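Below are the structure tokens for one structure; questions will follow.
Naming follows writing order (A, B, C and D), and every chain is counted from residue 1.
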């Protein structure tokens, strides 16, 4: 599963990266062909309602999603992991306060928060990434915290205290290395979630500007012309989003199965 | 500790959570954007117009006064008794009571959420159980595959594909609205069309509203079922390996007794908890589903208001979403306590 | 006619890293009312052997060879639903951890009633309830606690309940797999006493599986010593105490402390139990055996008779053994 | 004459019982699990002193309190005559060089992400006792001492590549690398295969000779206790009920609980008929300890006095103490 997921993700990343060299047309240029032309030899994936070449837009269109998800995962990681680590290791009032806030955010419909924040911040890659990050910080925090809390009680941590190790030695040499596997799993799953949330935000009009090639954006405009039956404007970007999210999910699920001893027979 | 005192404790514990939640919403909506009024007009209004808007909405007072008023409005019993909904302020766009608008949109969301949850639970638990029972077989891998792919599908994409197939090509089902526009909605009792029409004994309206409900709730339900399949499967696998399941088999009990009476009965408790947590995801999905199917619920409302930068309305809707989730998690926890004899002492 | 007769039983666990042969070529028989002890360290295959008698070897284990006859019926060949009517009714199993062996969401009484009515569908609810009451009282548990949930009982009490469930249908054979390992010594003694007295009353045969040789020697008529899936010695307990033959058995007896002796000198068996994915060729025990010869490394010794009711799997004994002995001298 | 290396007086360790939110609102009183409830003993240098008893009797908690892995609720702990009950910071870290602990579960007591060389050598680094290549040399030496030979084969392995017995040896190596004077061994053999137990026990005995180690040994297995110890204290519900040199204690147990406990232990001899002393009921909860003698509800010889007055440990023979009203 991990291997398949990695293949999918890296194929999509490479495709997006080399798009400028392999795309037959400028993805933003309108009227390169007729409007809403079904797939044909000249336009293998058809054209949009503005007469743009669908294939070129598909090749380019992953860029926004990848940027948004990478950025939001980075933000989540940089805030969620240290916060969870220290909160649970220090314990006490600080931990209680952190958990209370985080749990409240976690219980909230993620998309609602993302929408609210995104509506405040406006369009753009960074703003989208930030509003998605807020939603998923709690996942990191909670996973790290629950792991640290259980590892803290293990005998080898007690043994480390017994040989006179200082608290930071225990935290970084005994506790943290054993939390890493779970963090890796959360991160990959988080990539998939970020991709889907970004697509959702775009769908309700909080994404990037219309001319920028983006799978979410194209899917949305395809939906606007649904009654015309132009399936290609909907299907191709949709499938691309699924592939990207699926790739990350496969990596995450595969890893968690490898690392979760509970499910190993 | 008895069940009753557990329930009381749980309800009391909800209060600080709620307070925190409300404060957070206030913080995000009022403090983050700077000046909501300026954002609303997108700098297209004169300072005088903006000032009068501020005064009308009470945004000219200091922040903490606004905060107190905001919280006060929610618990103003007199207002609630008079209007039937709490005071959530006035819309920046229409100057109508936000509470009233939300109150009329909410049942649509409730109905969608209810049916989707049923669909997701039935599909999820059924396939999850089958998958865990046939561990490592082709069937198991197939079901897991379906679950994983479902998780990766953007919800509105599935909705659009359904619309394309059943609405545009086959023309079997409506692609939007809660009921055929040619049919009058049933008189409001609960606000859920299917239940209201049944209560009034009007089968025609019942089927009409069910027809409209079918695609949206299937969309949302199927997407959510992916997570439910995985949850059920994982928990069942863990439970099936526990000693008491082996011990039950060793006593020669029937296969079905062992699977359902032993494994699922116990695996269901953690599944229930996770279902409660998934409810937040379901509501997020509901926003997208409602948008896709022009379903006049709370999600649609919030998306509409975003286009007008109507911050008071967005704030109100976010608050109601939060209250809804809190209430559901309260119910789930109480249900859990009721089902688990280890809590029910 | 023996109650239980096992012949050349072999059980495999196919895993991704290779096949583990957990039990290999085990044969023995058990008469009505006898007690047999299965002793061995972790990984010796004793639990797998016990579970194969009710055909519940955990996934992915499979019985690949041999027969298990209970009352002349070979259960290896039975269909699953036929097997179900044997489990609990003819052969019952008691598990190691009483804390996790009962369904936490089911009342104690319901466990019994369900068991009785599954195997005797014609029993009415009232009758099943009355029978439950009698069984529970025989366990030394007040009958008003029938409606309590498992978590309301201590570990010792729960193991009593497990014993009650095992004997409720008066089976001919009870298999107790480390029934007291999770319990304290005083409770352990009580549980084993209860098991013994009930066994005598109902006339069942008992297979007691344990890593604790003291318990087995104290409680069983006959003993099988298991090591790495092989039966190394099969003997009466008195004979084992007086005259253990296999070097492994001798080693085990020398490594367990006896509270009644002072100035005891414990001698450990060198090395450690084998990796079951790559067990040693020949005799499974040779790498740890101080008597090991060339033949032990290449050839598996057969189980040979060395006395009345005394079998051992070792080249030191019997004709082959003598042969080896002579070779060494010459 | 041997000197006292460890001495504890009136040692208590109470754990507050976690209460629900509602209970906290309505009750002021906190209830406690009285894991260790007024225990005193002293261990002489070079001795093996055993705390024995059933699960929940407080033996493990007592051991952890003595090496300051748990804070005592009250009482005093002396190490080489110095009061260490309140030591903190750097002084406590220095103390840890002299007292070590090994644990029951060899699978849990090693960090799964540390190689043997790092796990065993870590105490040296923590106390800054080595430079550069010295660590590996010392680790090799100590691995050899615990019988992991040849040591070069083991240094670069991770714990999951070792068997239970080998892990316990690694744990032993880690605890002796600092050349401590005193060690608490908490059920060090109970999770190890029967055939290997005596090798671990023999190792511990050899360290006493070679390194002059003193042990506080904790076990539920009285047969093992009898084999290894010089002195034994039997605990019941947080208190020592009987204590003495092993010979007189096993030959002539005085406390009714000790008698019952000894009679319940299986003996590997099928020809020996033994008389079992039955005990009524089960060990009560350590939250609700019976009044007077805490054993009285289960005791066949109880009198009125037993439910009212708590018996003190009194000396009945040379170094043999019993806490029972029957003994005058």
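In this section, contacts are C-beta pairs under 8 Å (C-beta built on N, C-alpha and C of every residue); 3 or more make two chains touch, one makes a residue touch a chain.
The model shown is predicted, which means the values in this text are computed figures rather than measured ones.
For the pairs C-D and B-C, the count of C-beta pairs in contact is higher at C-D. Of all the chains, the one whose CA centre sits at the greatest distance from that of subunit D is B.
Subunit C and subunit D have centres, each the mean of its CA atoms, that are 32 Å apart. Rounded to whole angstrom, the centroid-to-centroid distance between subunit B and subunit C, based on C-alpha atoms, equals 54 Å. Separation between the centroids of subunit A and subunit B, computed from CA atoms only, is 22 Å. Touching of two or more other chains is recorded for residues 265 of subunit A. Shared interface positions of subunit C, defined as residues touching 2 or more other chains, are 59.
Looking at subunit D, one finds that none of its residues touch two or more other chains.
Across the complex, subunit D meets subunit A through its residues 67, 69, 92-94, 96-97, 100-101, 103-105, 108-114, 122-123, 126-127, 171, 174-175, 178.
Residue ranges of subunit A in contact with subunit B, taken from their complex: 100-101, 103-113, 115-117, 119-121, 192, 196, 199-200, 203-206, 216, 219, 222-223, 226-227, 229, 231, 234-235, 238, 241-243, 245-246, 248-250, 253, 262-263, 265. Against subunit C, the residues of subunit D that register as touching in their complex are 54-55, 163, 165-166, 193-199, 201-202, 220-224, 226-227, 247, 250, 260-272, 276, 278-279, 282-283.
Taken together, the subunit B residues at the contact with subunit A in this complex read 16-17, 20-21, 24-25, 28-29, 32-33, 39, 148-149, 151-157, 160-161, 163-164, 167-169, 175, 234, 237-238, 241, 277, 280-281, 283-285, 287-288, 291-292, 302-303, 306-307, 309, 314, 317-318, 321-322, 325-326, 329.
Against subunit B, the residues of subunit C that register as touching in their complex are 54, 56, 58-59, 80, 83-89, 92-93, 95-97, 100-106, 114-115, 118-119, 149, 151, 162, 165.
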